[in-house]
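Here it is, the structure in full.
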Amino acid sequence: MNVLAAEGGVAFEATTNGIWFVEHAWIVVLLPLVSAALILFLGSRTPGKGAVYGIAAVGAAFVFSIGVLWHFVEGGGPFEGSIDWFTIGPLHLELGILVDGLTGVMLVVVTAVSLAVHVYSLGYMHGDERFTWFYVVLSLFTAAMLTVVVSNNLIQLLVGWEVMGICSYLLIGHWWEVKENSDAAIKAFITTRVGDVPFMFGIIALIAVTGFTTTNIGEVSHELGLGEVSPLFVSVAALLLFGGTVGKSAQFPLHVWLPDAMAGPTPVSALIHAATMVAAGVYLIGRLFEVFLLADEWVLTVVSIVAAITALGAALLAIVQDDIKRVLAYSTLSQLAYMVAGLSLGELGLTAGFFHLFTHAFFKALLFLCAGSVIHAVHSNNMSEMGGLRKYMPITFWTMLIGSLALAGIIPLAGFWSKDELLVVAHEEHATWLFVVFLVTAVITAFYTMRMVMLTFFGEYEGEAHPHESPRTMTGPLVALAAATIGVGLLGAPQLNAVFGKWVFFEEIHEAVFVPWIALLSTAGALLGLAAGYVLYRERKARDPLQAPIGPVWNLLQHRYYIDEFYMRAIVRPVRDTWSAGVNWFNQVVFDGIVDGAAVVTRWVAQLVAWFDRTVIDGAVNGAGEVAGRTGNALRYLQSGNVQWYAVGLFVGVIALAVVFIRVVV
Amino acid sequence: MIRLPLVLMFSALLFSAGVYGVLARRNAIMVLMAIELMLNAVNVNLVAFAALLQQMTGQVFALFVIAVAAAEVGIGLAIVILLFRTRESINVDEVNLLKW
Amino acid sequence: MSAQEYAFVVLAVVGSLSAIAVVTSTNVVHAALYLVVALLSVGGVYLLLGAEFVAWVQILIYVGAIVILFLFGLMLTKAPIGRDALDNQQRWLGAIIGVGVFAGLVFLIQDAFPMQDAQAFEPARGTTDVVGEAIFRSYVLPFEAVSFLLLAALIGAIVLARKDDST
Amino acid sequence: MTWENSAITIATLLPVVGAIVIALMPKSKERAIRGLGIVVSGAALAIAIAIAIGFDYGTDGLQFELDLDWIGAIGVRYHVGIDGISLPLYVLTFLLSFLCAVYTWRFVPDPGRTRGFLALMLLLETGMAGTFIAFDLILFFVFWELVLVPMYFLIAIWGSANREYASIKFFLYTLFGSIFMLLGFLAMYFQGPDPHTFDMVVLRDFGAGGGFGQTFQLIVFGAVALGFAVKVPMWPFHTWLPDAHTEAPTIGSVLLAGIMLKMGTYGFIRIAIPFLPYGAEKYAPWIGALAAIAIVYAALACLAQKDLKRLIAFSSVGHMGFVMLGIATLTEIGIQAAIFGMVAHGVITGMLFFCVGSIYDRYHTREIARIGGGMMQTMPKLGGVFAFVAIASLGLPGLAGFWGEIMALLSSFSPSEVFLADRVGLFRLYMVMGGIGTVLTAGYFLWMLQRVNMGTLPDHWREAGLRDVLAVEWVSWFPLLALILVLGLYPRLVFGVTDDAVGGLMRLLGS
Amino acid sequence: MDVDYHALLPEFILAGTVLLVLVVDVFLPERTKWFAMPLGLVGVVASLVAVATLIGAGTRVSFGGTYVVDEFALLFKGFFLVTAVVVLAVSLRYFREGGFYQGEYYFLLLTSFLGCVMMPSSRDLLLLFIALELVSAPGFLMAAFRKGDVKSNEAGVKFFIIGVLSTAVMLFGMSLIYGVTGGETQLAEIASALADVPGELQTLTYAAILFVVVGFAFKVSAFPFQFWAPDTYEGSPVPVAAFLAVASAVAGFAGLLQLMFVAFAEQHEFWVPIFAFLSVATMSVGNFVALRQTQMVRLLAYSGIAQSGYILMTFALVTDDAASNRTAFAAGVAYILIYGIMNLGAFAATVAVSRRHPALLIADFAGLRETAPVIAVGMAVFMISLAGVPPTGGFWGKLLIFQAAIERGGGLGPALAVVMLVNSVVSVFYYLLVPRQMFLREAADRSRLRVPALVTVVVGAATIALVGIFVLPNPVARLAEISSLVGLGP
């Protein structure tokens, strides 16, 4: 179908091997959509309950995405194509694709992670009552996310955006028999919708800029670029759009939903709440970067402040979690904030931020899937009921270790390169305070990552179940993602030409630079965190019956790092036990309190409204009836039954009429 | 050789007396009598105007009124007698089964 | 004031007083007799106004027929005697309205035909043949209609007043 | 009489003929009666679809027009026609009525009496369809009022416990409003061009050209708008609606929500605004304010509802608030959004009422707490359909409910530059309220789903023998479910029809 | 003597029938007394045929202009005769089974109708008076015709006293009119005489007009002359109530239309506000008091009062503008016709129910849809029509009045329209009470109600007529338009 190209599609580089894939990128979207429909209608009648459609479609989409990306690898330019959707008055809407390097990268990320999750779920969801339905929503979600990614206009983007939201809702509440799960699902949907409303208004404002003629992102940017729109207008629009990011990417102060969203099946957490959907908020800023750049400076400052708070706060929270998925969830918040903060640094930050998005997607998905594997084995989310699993599930252990190290930012794993680049950009843009935030967060990240690994895999198993290694369908994706985690970072390594920057950039390519001291610093921070974690939790695990009698002295000797101890007492413990608890308290009491309180108040107002409706408005209506009835009753007594009273009425009537009306005329 | 207003005043007095009688009497036959007074007032008017205007129409009209009045009295008395039969009383202020 | 007018005033006073007596008397038979007087006075007034035929009809029909009917009615219904038996509880209201009607009519008459400007007039004579001719020239239709009315009244009155076996 | 000038008349009057035939059939022929109901409404639908196919989508003029003398003495004509504004609502009327007839094949509410039920329903169908094609004010009013009586009986006879109160409230409320509307119509007749006429095309051209005086417009717009507002219903004239919906039988609720409410908004678009543009200009901010209040108010009210049907009834108030908000902007986009909103609401809320009807059929209660959740466990299909429609109703993009809302908000961002240039701030406030409304809407629908669909089935239903969706239900629901999706993905289905007509209307008003 | 015998033929036939009924009754044995009814029916139909022969025959003037047969008169004559057919039809069973004096009843009824038929042709005060009495006097008697029933006696007494009183007041007014116009009794002559009545007589003239109006206001039961109506209707035999509510009241309107549009047209500035008041007060009292009624006939009585208020409104719409007057007049006439149909239907249905439930409480209509479906459907249509809601003819009646009110404009018109509108809505409350009983309640005795065939026919015909008028209102709207009387209006 060459309609797209025919109707105004422009390819800048006519001859690359990937051009065909680029021009037909809509197929990537269509594949999972079709598979969703197929699974829905045929799934339960297909052997394997329909998962095969999803896997095949997403697999094809992945291959296709590679093809698209290949175009950019070969140095191809962006492509845009569209068909008419509908027209409403002056407003012309189109269905279109806008494929540039950013899109290509995102396509690969989404399809890759989605493929991994699709395969992984074969094992993880095996025997689930609603297995087929799960795959329907999974495929639908993938289609929605891809829609957002390839969309060339705001409304189409919004459609995909919200469909993702509903899929997220459906998947979080997948096990809706338990009330906590459905609560979490609702909380997720509503909280993100709070952000979506300003986002919608932002979109409307941007459409208004074009005089309500188009929703095309390119044309909106062009219109803004003319400079005829007041900066304040653009600033407000940008801030409104950022609302969408805050919601979807779970940034402060709307981050409360994401940890709860872990109630969903773990593959879902991996796909939606770690790798893709939550990253859409970041993608949004990148897609509409022009708006943010044209806005007043304070807008980006606001963005960076929000990101900084999220990054730090979330990381601290991760420390105190026992639920392994919650650790990862807070970690995700924190990492997303890294990306947002990176984007707030301007054009250089765009590349860096997206590079982090790219790498994070792989290693975080990996981490989640590993966690899932663990949970699958021990039937518990709590790390206090794990321990020592390294022995039972080596593949999971190793892959998770790789993921953890990547998260911690250990060279040469993916996380290292992207974090490093963010630090470099922060440095280059003289955003010292952000630099520090990045660094500190990195340390904490490494720390909790290590804590997680230690509590899960080291020590003795403390649970009730009989842990075992997961089936191939689960470990396969783990291995694949682990490989990716090792590899993808290199795409942005300055030593290797930093090809990523040639795909994803704003207006002009900036060469990534390697600043040795920053690299050293970040690595050191990461190691510091890891070490602290290792030390600490090794010690906690040691508090088993055998080691307890030796007491603190044994520990002290065993580790000999009194500095560590000092760190622990002076920094780690206050941070972990006091500060993070405080943040946790703040989170639960103040933010959840606000949400809950808002719910309570809303409920209360609703009661009031209902009462008002019943009493006052209905009362007025019924009252009118009552008044009419009473009037009738009063008038009724004129009809006394005594005919002489009737005669009195007759004569009084005549006299009165005569007196009144003759006077009127004469 | 009579001045018109004097006659009309007489008529007015008859009429008013009739009005009072209709309102104040409880005996149905007395009420009928009062009504006759009112109709007579009408006739006095008609005859007076006929005399003033030197033509017969008023007198003819009066004759018709007398005839109709006779018919009304007949009807009225029949109803009153019927009333007496069923109620043993012809007090109109006690006739109030139907009301509201 | 002419002699006719003097006569009229005398008749009017007698008629008015007896009319008032009709509606205030405490004795039903007295009331009926006062009614006779009042009707006779009115008949006299007709005569004075030159309406001879009407006057005779008045005396014949009213005094001769209607009052007799009333007396029959009074006998048949065993009318009691006395103020409370004859008047209802709202007679004060009736008095107010009666006086009001009278005042209103007097005002209207005075407004239209002021006493001070009033001219005495010579009435036309309404003898039997004149009136009869008028009736049968222009008023055949009402005459016929009235005959139906009287017929209906007669038949209806008989039906109603007659004592049924069933009741 | 050719196809061109008689098609819409035939389609509109066919149900009445069917109603008479059904009323005369012997009571014992139960199945034949139900079958005839389906056949008649199906035939009407087929004609309506043929009209839609034969419709020329490239023009804003009247089509299938027929203009006959009706009551010459008072200048009333039988003038019917159809244009892009009418067509979607017209077809929707027949579709929903047909589906209701199909649904009745299996579900006749207590106390039975199928004959009367179907006859009244078909009569109702004619009234509703006629309203959308009438181009004479009195004819319009006649059709408008024609729906009152059958709906009254549908509620009063086949309703639930409190049906008498609800039915009379419905009747009086709407009658009260519509009589004021009639006065307005008469006033326009006498103030209109010479020779006086009720013809809506003539009056529209006259009024849009500023033919009516300003004070006149203010008064008459108020009168006419009152009639429409009660029907919509706009806050604070809405209180008849929850009662009527709650008590009405399923079919009644479906048609009430699906079509009848649209008659009010249609009236605004077809009559109030083009005839009385100055009045519209002055009233629009107030209408917008009421619409915005309605959105938030209804959502809050929904949160407090314990009765499932009442909840959905209240949600109608909110959705119609979006429709009115779109209309109040007096923009081309806003009005098209309103029409889309009407169609979408008709399909979605109609479907929701079907669901509630079936839920009631299974549980014999509509109390959310009594249902107690877990419907997905025993009746996954019914629960799934219910969830799908509820999600469509909360305005999920990609489903029908979205376009009306987003476009209404979009248009209220910058209301008509011709009429409301100095009210931009106000309308943006309305937009924000609308946005808050969407969040709350999502809240109550999801909460509702949680309480009805999710969780585990309470013990007292275990032995109740709850049956999942029946074949007849699938048949009567499938078109609506498909439409919800199709309209969401391909909104051109409506926008493509309305675009020219609304464009023409706006040109007429000089914007 | 200018007598157009053809023009008087309907009256002659009817008068002959009256006498024939009277005579034949004497010879009929008790068991076949009911035979008077078909006899009367034949006469009425013959008279109707005679009316039909006069259609399109132009204006016929007899008796020196005091008796005019024009389109207006024919329209009303036709209406009265059709009403007579209906009342006769619903009377048969009622009187036959009730043990009443049947022959005399039919005689009185037809006499009354004779008065009705004379009314619209009478263009003379004396004739109007006689016609009015001819309508009323048999009415007094018929109201009391259920001799053994105290309520019926009471109905007669009240009707009689108020009727005679208002006649007295009216006659007093007529005598004054006679005086101030210099001896005129013909309506047209009165109009020209009043046109240049001397200034000092003006007040008296107004008072006289008011007094004359009272007599007719009593007939149409306008407030404050309406008190007799509910009591009398309730106490009377139901067919008599139907006669009073339709024929008698419409006769009052026929007289009133002639008086106001012919004789007193010039003085409309005086009487328009009076009618405005009467109309508003009458419809309001009727509607509001009707809200609390529990007896069917009484409900219909109050409903009739309210409907009179609507019709009276058309009088209040008269101005100097002939075109607008014509609209008002046409609206009034059309409403009267439609009112007649729906009210007759309602009374016929009531007659049907009275056989099982003589007390005729509204609650007695419970479950009628089951016990008498045709009657129930008909009654529902009548009630909806009385409320003025489509799909019934009553809708057009109200619409026409609304239209006239708006056309009149000038503040008063729209104001009256709004009052009428509020009243209409209020009225729905009580009109719906009846369908509610019939369709939503179950009867205690669920066996089939035996309805006389004639009553069923009447109900069915009225139902079809009302729905037919709704679909094709043109004839009714046109019928009113052709009324020639309005041409004489101001």
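Letters A, B, C, D and E mark the chains as written, and numbering starts fresh at 1 in each.
To be clear about the criterion, a contact is a pair of C-beta atoms (placed from the backbone, for glycine too) under 8 Å apart; a residue touches a chain by one contact, two chains touch by 3 or more.
Computed from a predicted model, the values in this text were never measured in an experiment.
Q: Kindly list the shared contact partners of chain C and chain D, in label order.
A: A, E
Q: If we look at chain A and chain D, which chains touch each of them?
A: Common neighbours, chain A/chain D: E.
Q: Report the chain closest to the protein's overall CA mean, measuring from each chain's own CA mean.
A: Ranked by how close its C-alpha centre lies to the overall one, first comes D.
Q: If you tally contacting C-beta pairs for every chain pair, which pair wins?
A: Among the chain pairs, B-C has the highest number of C-beta contacts.
Q: Please compute the C-alpha centroid of chain B, do the same for chain E, then give the distance between them in whole Å.
A: Chain centroid spacing, chain B to chain E, equals 26 Å.
Q: For chain B and chain C, what's the span in angstrom between their mean Cα positions?
A: Centres of chain B and chain C (C-alpha means) sit 6 Å apart.
Q: Once you find the CA centre of chain C and the CA centre of chain E, what distance in Å lies between them?
A: One centre to the other, that is 31 Å.
Q: Round to the nearest whole Å and give the separation of the Cα centres of chain A and chain C.
A: Measuring from centre to centre gives 104 Å for this pair.
Q: What are the residues of chain E that contact at least two other chains?
A: Where chain E meets two or more other chains at a single residue, that happens at 126, 130, 133, 137, 140-141, 144, 147-148, 156-158, 161, 165, 203, 207, 230-231, 292, 429.
Q: Can you list the chain B residues in contact with two or more other chains?
A: Each of 15, 18-19, 22-23, 26, 28, 43, 48, 50, 52, 55, 57, 60, 64, 68, 71-72, 75, 78-80, 82, 86, 92-93, 95-100 in chain B touches at least two other chains.
Q: Where in chain A do residues touch two or more of the other chains?
A: Those would be 625, 636, 639, 641, 643-645, 647-648, 651-652, 658.
Q: Which pairs of chains touch each other?
A: The complete list of chain pairs in contact reads A-B, A-C, A-D, A-E, B-C, B-E, C-E, D-E.
Q: Going by the contact rule set out above, which residues of chain C touch chain A in the complex?
A: Residue positions touching the partner: 88, 90, 93-94, 97, 100-101, 104.
Q: Inside the complex, what are the residues of chain A that reach chain E?
A: My answer: residues 625, 628-629, 631-633, 635-636, 638-639, 641, 643, 645-647, 649-650, 652-654, 657-658, 661-662, 664-666.
Q: Please output the residues of chain E touching chain D within their complex, sorted ascending.
A: Per the stated touch rule, the residues are 330, 384, 389-391, 395-396, 399-400, 402-403, 405-407, 409, 414, 417-418, 421, 424-425, 428-429, 432, 435-436, 439-440, 473-474, 477-478, 480-481.
Q: Write out the stretch or stretches of chain D touching chain A in their complex.
A: 169, 172-173, 236, 239-240, 242, 297, 300-305, 331-333, 336-337, 374, 376-377, 391, 396-398, 402, 406-407, 409-410, 413-414, 431-432, 435-436, 438-440, 442-443, 446-447, 450, 453-456, 490-492, 495-496, 499, 502-503, 506
Q: Where on chain A is chain B touching in the complex?
A: It is residues 636-637, 639-644, 647-648, 651 of chain A that touch chain B.
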